[in-house]
Amino acid sequence: MKKLRTGIVGLGRLGRIHAANIAYKIPNMTLVAACSLVPEELEYAKAELGVTEVYSDYRQMLAEADIEAVVIITPSGEHCWQIAAALDAGKHVFCEKPLGVDVEQCKIAEAAVERHPDLTFMLGFMRRYDKSYAYAKQKIDAGEIGTPYLVKATGVDPEVLVQNAIRISAGSGGIFLDMAIHDIDLMRWFLGCEATEVYAMGATFKHPEFKQSDDDETAVAAYKFENGAMGIVHVGRTAPYGYHVETEIVGTEGSIRISAVPEKNLAQLYNTNGVCTECVQGFPERFADAYLAEMEEFANCALEGRQPGVSVYDGSRSTLIGYATTEAWKTGKIVKIG
Amino acid sequence: MKKLRTGIVGLGRLGRIHAANIAYKIPNMTLVAACSLVPEELEYAKAELGVTEVYSDYRQMLAEADIEAVVIITPSGEHCWQIAAALDAGKHVFCEKPLGVDVEQCKIAEAAVERHPDLTFMLGFMRRYDKSYAYAKQKIDAGEIGTPYLVKATGVDPEVLVQNAIRISAGSGGIFLDMAIHDIDLMRWFLGCEATEVYAMGATFKHPEFKQSDDDETAVAAYKFENGAMGIVHVGRTAPYGYHVETEIVGTEGSIRISAVPEKNLAQLYNTNGVCTECVQGFPERFADAYLAEMEEFANCALEGRQPGVSVYDGSRSTLIGYATTEAWKTGKIVKIG
Amino acid sequence: MKKLRTGIVGLGRLGRIHAANIAYKIPNMTLVAACSLVPEELEYAKAELGVTEVYSDYRQMLAEADIEAVVIITPSGEHCWQIAAALDAGKHVFCEKPLGVDVEQCKIAEAAVERHPDLTFMLGFMRRYDKSYAYAKQKIDAGEIGTPYLVKATGVDPEVLVQNAIRISAGSGGIFLDMAIHDIDLMRWFLGCEATEVYAMGATFKHPEFKQSDDDETAVAAYKFENGAMGIVHVGRTAPYGYHVETEIVGTEGSIRISAVPEKNLAQLYNTNGVCTECVQGFPERFADAYLAEMEEFANCALEGRQPGVSVYDGSRSTLIGYATTEAWKTGKIVKIG
Amino acid sequence: MKKLRTGIVGLGRLGRIHAANIAYKIPNMTLVAACSLVPEELEYAKAELGVTEVYSDYRQMLAEADIEAVVIITPSGEHCWQIAAALDAGKHVFCEKPLGVDVEQCKIAEAAVERHPDLTFMLGFMRRYDKSYAYAKQKIDAGEIGTPYLVKATGVDPEVLVQNAIRISAGSGGIFLDMAIHDIDLMRWFLGCEATEVYAMGATFKHPEFKQSDDDETAVAAYKFENGAMGIVHVGRTAPYGYHVETEIVGTEGSIRISAVPEKNLAQLYNTNGVCTECVQGFPERFADAYLAEMEEFANCALEGRQPGVSVYDGSRSTLIGYATTEAWKTGKIVKIG
């Protein structure tokens, strides 16, 4: 079996999830190289993942490592130049979302992808590879709900993680850029259409620290789409019950709702609280399989010379919409999306 | 509009539910007379229900009251002779379940019903009139699950009422006669067939007081039916979450399950316990509408000269099966049902 | 028992539901008089409801009928003057929602209510009396979800009724005035606060006839509230599965969601479609108990000299918000709510 | 990282699932050798799994292959001697359920395990490693439902696979030995106690072919346990909606129910059938993660010199109970379990 020789850059929390998947769970990938500015992360790669080539310089890894593909899990601001550098070095590229932190950066990535149509580029919109979301998309494509015309998306992080959210709030670009990118991508994907206008608002009732970073604890945005369809996104950081990602797609002949109860597993407790379902407590738990499935698709695409369903333009367009949403939220005005 | 002039005998907890329904909620019934050995109950009938004729002697009510129908909500041991007396006095009769406390008594009721085919007789198997159960029966009769061949029934009282259950345990005839009559009737109704054999067992893990009355806290019975179908009944008295009546009917083309979550209402709480649904806390809450619907059907039958779907034989057969189940449970043996 | 002698005006579809409840299901009310411009409706009242006094002139009923209370179920444009006339005639008044069709009319009703503080006035926001909504409010008031700061409301009529919706669309004032009044009232009730700003949009993907009446099939509105809380309302007229009223209240310590699955009853079918729950098919089915409960509360208030939880200002404020929402939807602009 | 060098015997449907897990998804296992009587299976192992050493003779594999562990996925009748041979050859052993096809065989396996306390032996009761079942066990061990005293287990295969079930029926040992072993193990595990008596019955309403093999389509058994607890098992082969494995554990302080709706994923369809959840279609789909998790545990145990939670006695005891259940079903009598 042909195996895709892969290097990873970035071995933080999410990087380690991807690295372990590549090293141990995807038959046709081999984790050959790792790059990080943090020495401990490189030690980890050698000791736990069996990586033999480690680098502290990304360009050096591209130049020297015996790899065909690069997986980028670095801070968002580094994504676009790293994408361009890897593609220009002839490597297939998988990059974690978001594509970039502004539209100009995204253009750099777009241009690089366009320069190398023979290389596979994939952006980590992993929800598309979650079995529930993939099932919904398949049902929609099969016409089972007619024409979809409204998406209602919810994404709320668990209260147990709120102190971390407060800590990173100041540099996060605000709640929409930090949290709504997946929902924005899903709206576009399900509706098959681009957003043209957004109205947004936020609220902070529990942790005033968010206000100190000019951020909000919870926020809502409403979108109009080119074909007349509509979208609503509700993001938040303080769900007492867990990690709540829910999406409803309303169509002319039916609706699909994903994860109204963000169940941890299939058990229900019948006790003095009633009948209770415990919830997942974060994205690693909820989307463990999706992280694996997207990387399998990346490997298959690279080995078969295909492009995946998620393109670089999905990344740049979502970033554009994220910025417009942020502007609407900050100004209190309706913002047209260019 | 023609109204059915009605007398009630027995004004305990359940009697008052029926009496209030007749007095205030059923357009074509009028509560004219009430009979009880308890003076306070008669005072209640006059003060709260507007009853004008009250009696402490049942036969006197039958002889003197200006009524066309009698509703019997007395202790089970009184049912059969009161049924016969009322029918012989030319009254339509509604009687609360069970029909009688032994098969001999049931025969008395059967004979009385047979003597008066022109009078309406109805037994209070109110679950048949619950909208969920009626819906299930309608789906089954429409063939939606093919041939039903297995019923799995659950009926557990809430732990909050357990002290009362302990108190009445000694005189109750045991857990099956006390609690399983509705489930037995439903199995027969859904399967359209009679039980021929039963095996049963019980357990007491929480309240040893039940053992002192030679009773059990929880019990299970398994039934064979004439046509080869099967039934399982699980009854108990100690559900911490509420009143749990659940029934599953398995057929060749599908299944119907009623009330896997015995929800109190349509609200769900998302909190640190997960996603929780509070449960109903007793039969008056769960079956309030069914008590009303069965009495409406009784009135309509009496006024239209019809017999309802529940016959006297449903009562006697269920009592017979209840006794066989009790024997199986007490002896630990398989019991054939005559 | 004291009974509230009542006259009803308007005996259309909803009027008949109220009339039957008053006549037969509420112990302390008597339906004495009925008023309608439609002779058949008066015949119905006499024949089916036992009403003895019928009128084609509303003012004549107020002047002549032996009644203490009036129940108004007429077209919305008639509500306010009929409220004023009844109060001025010394009658307690129950009026179906909405209070009026414009803010000026509402002022007439407000003034009349203020002139007669001794008379009970109640507006038919019956959802507040639905057991699930009442339960949610009670939990919120008990602090179980902390401070509520976001309400997400859904109200979609069933596709099976869409031809009627198309027919009345032109004169309905548009989808928000026609359908969102209950949701607007619930947002205010749950958040305990007034809306200050609204953004709205609509879409028509299935039935272009709505566009011909300058209306929409589906619409969404987003609200800001005085205290910083937020609200989202999604209304529509084309749910293939039934009548979908869902409300989620998000608070600092938890959420409550009502009716994510608008189940018809407690039965679930397990068949080749999977595990399916059939849905309610309209407001009379979904809110039958709420219509009864609100009228019971009206009777009790009138007989006990109390005012109910729903005031005339709830009606006028909801109408004001409904108009602002409509303006936002029609203009595509953010509208401040005065 | 130390990797457990492993050989597999048997590469049928389930064998391939295990083999692929070992080869690609478990970091600390390596699939070195494979044994099968079917040449195509050995070709498969070389081509798809990268196995270098293939054998048609099991004893030869034990003697020659460079392996520390053996995974046995052969027909049930081969399990016990293969277990003994592998242990006697100094290999750790994982064996698919059931342990053996009769109690005598099980004794051979027990003796071999006892001879080699230093080697890890694990039986494939994979449900114990499913996250929902593991969660339930953890809650029970933490005392959250008090003392468990009743298990209600359901295991029904999908109708889509029924022709295969009919085909293998004659040699399967009957529905209980074929299908109830997992449920029997789970009852023992959750109750922490042994069964002492069983009553059973079966029914065939859809596919009379089962009767021709002296088998049944559906069957029910009721168990008494040493400590007075009770168990009910319902197995079948004809669920139109999919693969239905459901388990309820009832305790003195609460209940846990696993998978009342055997959902395929987290999506729900709202359409003219109501609100529908599609179901899983077989054990590979339902228990994919459990197959992986149990093998991870086996590898960890072997490498760390531990024994897993499932012992050889769990296998022999479950087989004993399976036989007693079969006898009860065939004879129609209560059977004591030795």
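Letters A, B, C and D mark the chains in the order given here, with residues in each chain numbered from 1 onward.
FYI, a contact is a pair of C-beta atoms (placed from the backbone, for glycine too) under 8 Å apart; a residue touches a chain by one contact, two chains touch by 3 or more.
From a predicted model like this one, the values you see are computed outputs, not experimental measurements.
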Greatest separation from chain B - chain, by CA centre: A
Selected interface, A-C versus A-B, where C-beta contact pairs are more numerous: A-C
Cα-centroid distance, chain B relative to chain C, in whole angstrom: 37
Interchain centroid distance [CA atoms averaged], chain A/chain B, Å: 56
Between chain A and chain C, centroid-to-centroid distance (C-alpha), Å: 42
Set of chain D residues in contact with two or more other chains: 239-241, 253-255, 257, 260, 262-264, 268-272, 278
Sites on chain A touched by chain B in the complex: 239-242, 244, 261-264, 268-279
Contact footprint of chain D on chain B as seen in their complex: 146-147, 149-150, 152, 199, 201, 203-206, 218, 220, 222, 224, 228-230, 232, 234, 236, 238-241, 250, 252-255, 257, 260, 332-334
In the complex, chain A residues that touch chain D: 1, 20, 23-27, 48, 50, 131-133, 135-136, 139, 144-145, 253-260, 262-272, 278
